[in-house]
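Scrolling down, you'll hit the structures one after another.
Same chain, two partners: subunit A is paired with subunit B first, then with subunit C.
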Partner chain A sequence: MITWEHRESVGWQTSLKSIGIALALTLLLTFGALWLTTGMPLEAFWQMLTYPWQAERALTQWGKALNPAFYLSLIALGLSISYRANVWNIGAEGQFAIGSVFAFGAWLLLGMPNGLWAIPIILLSGVVGGMVWAAIPAALRTLANTNELLVSLMLVYIGAQFLFYLSNGPWEMSAAMKPVPTRTESIPDSLLFTSVFSQGPKLHWGLVWGWQVYLVVAALLAFTLLGYRLSVANQSKRAERFAGFSPVGTIWIAFLFSGGLAGLAGGIFLIGDTGYLVDQSNFLQNYGFTAIIVAFLGRLNPLGILVAGLALGYLEGGAGWLQASGLGDDSISGIIQVIALFCTLGTATLVTHRISWRGNP
Partner chain B sequence: MLSLSGITKAYGPIRANESIDLEVEGGQIHALLGENGAGKSTLMKILFGLVQPDAGKISFNGTAVKIKTPQDAKELGIGMVQQHFALFDGMTALENIRLGLTVPPENLRERIAELGNLYGLEVDPDALVLSLSAGQKQRIEIVRALLGDPMLLVLDEPTSVLTPQEADLLFNALRKLRDEGRGLIFISHKLGEVRALCDSATVLRAGKVVGTCDPRETDTDVLAEMMIGQRLSAQEKAPKSFSNAKVVLSAQNIETRDGLRLDDLELHEGEILGVAGIAGNGQDRLFALLSGEAARGTQIAGELKLRDEDLSIIPTRNRRAKGARFVPEERLGHSAIPDFKLSDNTLLTKHSAENKDNTVLRRNRWIRKQAAQIIDYFDVRGGDANARARSFSGGNLQKFVVGRELDSGLDLLIISQPTWGVDLWAASRIRQEIQLRADQGTAVLLISQDLDELMALTDSLSVIANGVLTAVRPTVEWSVPELGRAMAGELEGMVQ
Partner chain C sequence: MDLAFIVSITLDVLNFATPLLLAAAGILIVEKSGVINLGVEGMMIVGALAAYMVAASLASCGMMGFDGKTCLLDPLLGRWSFLVALLAGGLVGSILSLLFGFLVLTMRANQIASGLGLTILGLSLTNAIGNQGFDITGTPLQGFVPEEWRLSNGVLRLGTVNIVTLVAIATMPIGLWFLRRTRAGLVLRAVGENHNSAFTLGYPILRIRLLAITFGGFMAGVSGGYMSLALIGPSWREGLTNGYGWLALALILFGTWRPMRVLLGGILFGLTISLGPRLQNVDGLPGWFVPLFLPVLPYLVPIVVLALISFDATMIRRNAPGSLGKTFEPN
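The block that comes next holds the complex of A and B.
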């Protein structure tokens, strides 16, 4: 008879082994998907893997993978705090959008300055914006016991409409020749993050600053009671209360952290990548949703999230390159993401359990 | 009709049933009396084929039988109404009844109405179960059992969920069933209703039969003594006066939203105050109130003080900082997290304000050292600080939990069922440690179902029944019959 048994001790080797199995399964199924869609799985896979490194492309293209990887990991790190505590914030996309709205609003309120001093205020406003948007599901959950998963998700669409309304309405740029799609004024070049490299891939300083926030939050999780508190909340509500950690407080912590980081990503995106607000289909990149997958692929671990963020960032680019080469369609990236997610979640059980083939005792 | 002889069943070292004999006649309501843990449920599970005995014989209507499954029991003509209902909320009464029958009769609806009329157990077949009261749900269970036309019907604590009026209706139905010549086994610890309803009784204590009697002609005090045992004299603690000691915990006229009532309680330095009672009478609520785990606003009246401070507004963490410690009954998932290592479980209660080092930073080395000390001092066996809590036996994990909470210089210790499910050796060690802290001046409130433990350890005693605590009296002043009546909620002056 086959049964699941609890492992008595869990070492890092077990974790690595299960990740290895997940990776192998993902590769196998990815080849299957590529075979079905292109008929030439090996060529297609090779193309996705090597395109950015082919000849002179090597200079610029890998930045295209690192850029989304940064946003994905930063948002996913916040989400992992929420998921560690069994709080289901899946509305990071909306918190990202409101983060950029607040960041842009701060620039307007400051009187559209062009001095560098405004940058911290703008970014901080982004954080606040994300937190404000995340505070709605947190408040409804703690006061009215609503389902935070549904509320946070629905607020994504409200947030996106808000972004659309502002960039086409009150904040629309006033110019004789309006661009299509209509958008807000641009933040002056003097404020925009410059590129780290004078030549080569476009990677702006905002990513570097944001990186430091990532390290600080990861350190908080590793060395303070915060990480402990979240895992207690995840294991047992009763033990959480017994320990003296308020479950309501945990929900707020989870939402404020995840919303704040998503909002920060929105602020950085605004002054690093676009410079203005525009309607949602041209502004939002789905980072908030993809980050959910990144958080789980990374097993809610800061280091794992980093690796998963890089992998999915690369995949987004790689699928585009696949389409560019005429071998297939870039929608394959969505399929591979889901394959990876299922394989990771499926093998996660192997970390805490083992399969036993022994007979009935 | 039914005769059990020499039934024995052990779970590891615990003997749930030890050579039990039981005779039930047709046309009789036979009471099975006993405290929680006396072995009533195990015996009935054996009778219904849910558990196989290690030894013993069952004979039914004069022939020896083997009951391997509930199906066997039903075919023999044994019906069972469980204490907890096995009904689907989203289905109608009729659908639930049909699901429980192997071969439902064609005219099920008519049969239900017929049985309802006959025994006064009317059931609306089309009502959704979730809209029904506990009494109505129980009727569905009884009707379902009666459709099999059982010769013997077992009812496990059937009145525990009923209002007095519903209980009266149930008793009428049971008497009618008896008058038809069926045998009934009525499991209860409520002495009053057993005396009013039953024709004969078997009393169990600690897995053994302590006697049989005719409850109609036996005094309540005698029944209580049989159930609880004559234990007061043996391990009596020397009486001590605490009138000069300082009060640590005091409670006056407390009422809570969830029905807990505590009129007057004072716990002094060095005193061990016991709260006796049958499980499920509000012990959990009392613990939550004292530990601060109860939701804010649970206490709606009265005054709860630690020394001179109003305890009701102090959160759990700060209660610990003021020198109070809490050990709940449940280990896994309450006082310890099963999937955490012992070292991580140490931190669970060691991050309060007095452990300043741990309020912000997580000091792994300090935590591991603490865990190792506890393991060493309390002789926790089965693993080191890196082993998961779930891999320890109940006794060893409880020693760890108690050890974690018993810091030196404690002011107040609230401890619930410290030796429940714990081996004898660990139990005696834990009791020893509790006594030691009291000798050092800690005020201890001990919630327990184990009367031996309470008699041996406590200076004063209150009884909790239906969420209401009796007045506190010195332990030596309680008589066994009084305790029995108080535990059944029948002591004079107690509000039901």
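The block that comes next holds the complex of A and C.
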């Protein structure tokens, strides 16, 4: 059995060391997972590492990596705000879904316009949608002391069913030949985000605008009282009250930020990637859940989350490439994500402690 | 309402409550030891796939031409193969929970994040294996639950209630007796209430918690196995457990860690799940009722009852284990 000793000095070196160990372990275990699933770990690993250069159209592959990377890090940044304050919002998937529902609903309410002026309204409605859905656990937590973790998660199922109901019921496309699966009308092309380059359809301008929101929120965390407030909230409620911050306010901040960013991601996804609503299994990409992993991989730090989001986005693209080249199944990406998460969580204690093998009683 | 209807709805409710109560029994012990394991959903779905795979291979080796294998086990096991498959699910669930135990106990990782990771791991693992490794989609398993294990024949249209249901209901009185009346239960509660005091008394905190976590994984695996073998199936599909692991976690909060209240909550949750199919054909309902309201009812009701129950903050504080979710750091 191992025991732990406090380190005499804790600094950026120990933090870096633990990240290095986590990375090495992740690579080792990923290698093992690839061995078990494909039987050709070296080949599979090489393909997943270099796929943008292997493919004929590199930009398409980069799009497959950067597109999920964007959604993951945007949602994860919001979640990190909540986790830093010890508020457990794990329902970003539902807030993403309701964000796109609100965004689409705004377009319908505006009378299905095709002028560019509608885009800000649509995206803002997405933010509002995510916030509304996140406000439910926040309200129940602050008013009735209800466990916010379970409520936010239950709302994922409800939000997904909402998406399914609307795209198959009231908002269903009215056409003689209905597509399978049934979906809503498409938002006109003039409103959809165009791609930044001539090729690479997934690299659209929505990502570029969205990154700026990311920067703004990250700056808020770094340079305003918000970041300090969250870390005080993480210590204890008592400390929070002493510092003059209301714990209730912190819970609301945590939920509104995380829900709003997830809702924004949903809105951008709607007018950047699909253009219509469809049933949940074809619309939702699990970004809300994977973003939880990204938040913890980035150790709840905006820069770390950016790196982690890029890494997992690259991994998603790589897993897709692996499947396309017939080497394995793309579900490997989920397994590698959890390997990375467990290695990161397992080595977090190494920042402040060292392992002692001497076994004290 | 005639008798047959009442019997059928009661059995139906109990049938849906079975996996919830089985998983909740494990969660109760884990949380009473002071650990939050949010990986229940993941362990359940892995248990569900494992139980289904074992059941499929046991059942089909009695048939001609399954992979050309000759079957040694099935004639020997006979009707016990249902139980063997269920236990296999439990075994795999407890193996997964050992990973969680290593992370949060030995490596002192964050319990909530590790549990969430375990859930995602379970879902990805089953997607990967269920997709490619073992083609089971078409394996016939009808009638796998042996006739003599069923409590009711011919009364039910939806599913069957079997002896596992009785075990699931019994877990709660047994849990109550264990926690209140046995020495081991007292030690478990002491560890969960204040791990520093229990450590000072000389109890091996980590070993006790690891045992509890393993038990929780076993029960979650059995519960998942019950879902894939008896409740939904016998069949397998991705995401089969459908949030039941989370419902079981909500059940513990609803019951405020008290077994008999958990039992009551299990019946209430079972009722909401079984209500959906029965209300579908009622006349005069608004258009959104059947496609929107009925499917979300099993997730909506826990939110409402949790909100109602948690209004009384002192009751939760009185019943929640004191060290719940805290990492034990002896030095």
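Definition applied: the second predicted complex is superposed on the first by the 338 of 361 C-alpha atoms of A that agree within 3 Å, B and C clash if a C-alpha of one lies under 4 Å from a C-alpha of the other, contacts with A are read in each partner's own complex, and residues count from 1 in each chain.
What we mean here is this: a residue touches a chain if its C-beta (ideal position, glycine included) is under 8 Å from a C-beta of that chain, and two chains touch if they have at least 3 such contacts.
Owing to the predicted nature of the structure, the values given are computational and were not obtained by experimental measurement.
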Practice task
Name the contact category of A:Thr182: first (subunit B only), second (subunit C only), both, or neither.
Solution key: neither
Checklist entry - Where does A:Gln285 make contact in the superposed view: on subunit B (first), on subunit C (second), on both, or on neither? => result neither
Thinking of the overlay built on chain A, is A:Thr60 touched by subunit B (first), by subunit C (second), by both, or by neither?
neither
Task: State whether A:Gln323 touches subunit B only (first), subunit C only (second), both chains, or neither.
output: neither
For A:Ser195, decide between first (touching subunit B), second (touching subunit C), both and neither.
-> neither
Requested in this report: Go through the superposed model and pick first if A:Ser331 touches only subunit B, second if only subunit C, both, or neither.
Outcome: second
Next on the checklist: A:Thr37 in the overlay: touching subunit B, subunit C, both, or neither? Say first, second, both or neither.
Outcome noted: second
Notebook entry, point to check: Looking at the overlay, does A:Tyr228 come into contact with subunit B only (first), subunit C only (second), both, or neither?
Noted result: first
Partner touching more residues of subunit A, subunit B vs subunit C, is chain C
Shared subunit A footprint, subunit B vs subunit C, residue numbers 6
Within their complex, subunit A touches subunit B through residues 6, 8-9, 223-225, 227-228, 231-232, 235-236, 238-239, 241-246, 352
Note: in the complex, subunit A contacts subunit C through residues 1-6, 37, 88, 90, 136, 140, 144-147, 149-151, 153-155, 157-158, 161-162, 165, 168-169, 289-290, 292-293, 296, 329, 331-332, 334-335, 337-338, 341-342, 345-349, 353, 360
In the complex, subunit B touches subunit A at residues 291-293, 315-318, 320, 326, 328, 330, 333-340, 344, 347-349, 351-352, 358-362, 386-388, 390-391
Per the touch rule above, subunit C residues touching subunit A in the complex are 38, 99, 103, 106-110, 112-114, 116-117, 120-121, 123-125, 127-128, 131-132, 206, 243, 246, 249-250, 253, 287-288, 291-292, 295-296, 299-300, 302-303, 306-308, 310-311, 313, 316, 329, 331
